[in-house]
Amino acid sequence: MSEMLKVAVLGAKGRMGTAAVAAIGAAQDLELVAALGRGDSLDQLVKLGVQVMVDLTVPDSTEANVRFAVDHGIHAVVGTTGWSAERLGALESLLAHHRQTGVLIAPNFALGSVLATRFATQAARYFDSVEIIELHHPRKVDAPSGTALRTAALVAAARAGAGVADAPDATETELDGARGASVDGIRVHSVRLAGLVAHQEVLLGSPGEQLTIRHDSFNHESFMPGVLLGIRTVGTRPGLTVGLDGYLDLES
Amino acid sequence: MSEMLKVAVLGAKGRMGTAAVAAIGAAQDLELVAALGRGDSLDQLVKLGVQVMVDLTVPDSTEANVRFAVDHGIHAVVGTTGWSAERLGALESLLAHHRQTGVLIAPNFALGSVLATRFATQAARYFDSVEIIELHHPRKVDAPSGTALRTAALVAAARAGAGVADAPDATETELDGARGASVDGIRVHSVRLAGLVAHQEVLLGSPGEQLTIRHDSFNHESFMPGVLLGIRTVGTRPGLTVGLDGYLDLES
Amino acid sequence: MSEMLKVAVLGAKGRMGTAAVAAIGAAQDLELVAALGRGDSLDQLVKLGVQVMVDLTVPDSTEANVRFAVDHGIHAVVGTTGWSAERLGALESLLAHHRQTGVLIAPNFALGSVLATRFATQAARYFDSVEIIELHHPRKVDAPSGTALRTAALVAAARAGAGVADAPDATETELDGARGASVDGIRVHSVRLAGLVAHQEVLLGSPGEQLTIRHDSFNHESFMPGVLLGIRTVGTRPGLTVGLDGYLDLES
Amino acid sequence: MSEMLKVAVLGAKGRMGTAAVAAIGAAQDLELVAALGRGDSLDQLVKLGVQVMVDLTVPDSTEANVRFAVDHGIHAVVGTTGWSAERLGALESLLAHHRQTGVLIAPNFALGSVLATRFATQAARYFDSVEIIELHHPRKVDAPSGTALRTAALVAAARAGAGVADAPDATETELDGARGASVDGIRVHSVRLAGLVAHQEVLLGSPGEQLTIRHDSFNHESFMPGVLLGIRTVGTRPGLTVGLDGYLDLES
């Protein structure tokens, strides 16, 4: 029987942390040996022989947590935001002295969303037209969503890099706003509808065909497969990895 | 064996006319006895015993054609535009003297589109949120489409009539155009994509559920079932009917 | 200021009951005056002047609850199952002696689902082809879903009633099961996918066009608008109504 | 100004050939110097200085055409079927003596379809559940479609290779066929609907999220971008390439 990987969750009482504790507990190859909250000492991570630390805390404490882990040869999977370029640089310097240790910093753990963005970006240069529709619950305060803005920017860059012409558009008379927002030339439409959570469709069209890549996020459970993938993979990827994409095997 | 209905097509060489001639020819209960073009005399309609005339000509000639038909007791199915309120009034006066004769004037023969608009309008009052996405080929010059504008106006009127509150929307920061155009308070989003023809989605949402009514029009064949329904029904509906809706049996 | 309607919920601690209590509490025109559980006496409904009783209990007790309500001139909205033809007959007899009192017995309170089934049934006769795809979470034990079976039966009956031919299908070689199950001649496909809840698509097609009617049920909140509609309407509909459809205004 | 690439089309009068002739004619960087039909001599390809030959002929003649091209240092883009393993082997032997010459043999030129299959295959190992819905016109004789069978086999292989468990499925009672056909354990559902052409959806689900990859093929125009990509790329890829995938740049 293979040994289970010893995992600790920091920020275990938050929404993401609670879900992570449950997901790790349910995984047969992982052993949750510590679930820490604010104020708990990190020393026990060492005593308990933790191999992978999952940091789901707050921007103020994540850097110290991760540095502690690296200093003690514990791999770290980090979902906390607030990692500036400066912080990332300092972390890389530290990792240069701990060549066996891996750190994953992932702004988005939803595998489906990460894959959808990647596929849309790859496909973008091969179609005449690309537009994005994002659909969210009506309590959302910003339009378009951050994910849609990032997808549009990546799509636009991919098309520019490949020298693709602007999408054809003969619109002469437009009721204000009908054609959506333009993000680097890519049209983005934001739907706000009661009942929805977070959804995005990238529509790619050329004469005679359409490719649609849609991601639906129904609840926070969707982040857990990404967290588990991070935990299982981080030990085999020494150094710093930013973005879950780096752990996906998309060669086959 | 039941006798076939004798049908004539006016404007038989146009795009719609050509399709109508083919569709009538393929229908086992209909007999195409005349396919007339510009300049052909209407007198033969009488000689040939035509029972239903299909007018797919041009705004300049449709009124005279229909009046000729009514005067001779021939039912008329009309797809030509250009029927002003004044023309419609004059036609009704004429029909008052020909109480057995029916005329259908239909701006849209696509059954699916007619049904989609009707269903969306009926459902609109029962949901917190309604938004419309219309998607067309990129050669279209207007945005939103005429169908989307009409659907939005009908949806808005239905909601106003039922005293439904505005859809919830917490948007505070919006990239210009992201939330679409507002048509009587209903958000409409216009996608233009190579490869597409004419498509419309009405999204209706309330906490916990979504209803989506989508119509795809792939080509002009889609008008033919509506034309055939008109031909088969017009004889049983004396007087003037505007809109194919009037011929649909939606009670069951 | 108009007076609020006094409402009581029976079975208030169940999943549906809890949601109903919350929804009624949030409605500005409704006053929740009693939330009863198993063993609570119904006498207080009379003392508190309850106008509408919502029964979300169990098959064993629903009949006695409703008869008590009718005997005391309290309207009843009933979501509990177990109403056999015999029980319904007895209830109608009782209502004949209480001509001001209304009872709604509704097997499905999700407005979107009720509307989707109705629209699909109405449209079915106007298209060459109709197929149904239902998609559910993978813990579901039956395939197809009850809703899909009922929708297929209604669609098939509507087509038979209108004399519509069978949908065209040239399939000669089929991998077992590929074409789905046949329910009265309508093909039904059952998808089971992690992440999903309860979803159904009715696809209707004719040459050149497609009409798609899709309903997504994300959680039990979706039943509440139907419950509220029932509460607000039941007082104006004396006698027995089976099915929420009867309360929908779909004429406009 | 850069020189235009000299292109010849063989099988120029067939459906695909006619479309290719039009597409090449419309491309500003390509010059159509020959459009050959059955019986035309290939010698003129040499005289005219053709750089890329597009073979859209028939299985009986494609091998001789391609060997002629390779012998004369003309690159070949081949859409004709009938390339057995034996033929491919012989072609590779020939190409070993013409190290500057490239040949692309592509069973499917629809970029969107090629991309959709690739993306679905890559994503398959990251989700608990995968099912495929393919939708076609009702004149299709086989179910599932060849593309769906191939996609399912690739998806199943990718999951097996990654050691992914079978998709969860608690179905106990099934109306025969409801759950679709099983292709290497992947469920495939075949819809046949008037109005449709060729469409495929791969649904991937995990708790809390869904990824959907859909491809719609509306007409044969959809093959032309792939043909043009082949023409523009074949000169830079000496040797034999099977499948358009090999020419797609999906690294970014």
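Letters A, B, C and D mark the chains as written, and numbering starts fresh at 1 in each.
Everything below uses one rule, namely that a contact is a pair of C-beta atoms (placed from the backbone, for glycine too) under 8 Å apart; a residue touches a chain by one contact, two chains touch by 3 or more.
On a predicted model such as this, the values are computed, not experimentally measured, just so you know.
For chain B, the chain with the farthest CA centroid is A.
Remark: chain B and chain C have CA centroids separated by 32 Å (rounded to whole angstrom). Chain centres here are Cα means. That of chain A falls 47 Å from that of chain B. Per-chain Cα centroids separate chain B from chain D by 39 Å. Counting partner chains per residue, chain C has residues 127, 195, 204, 206-210, 216, 218, 222 touching two or more of them.
Contact topology of the protein chains: fully connected, every pair of chains touching.
Chain A meets chain D in the complex at residues 110-113, 115-116, 119, 121-123, 125-127, 158, 161-162, 204, 206-225, 229, 248-250, 252.
Interface residues of chain C, counted against chain A in their complex, comprise 195, 197, 216, 218, 222. Those residues of chain B that touch chain A in the shared complex are 127-129, 131, 133, 135, 138-144, 149, 167-183, 187-196, 203-210.
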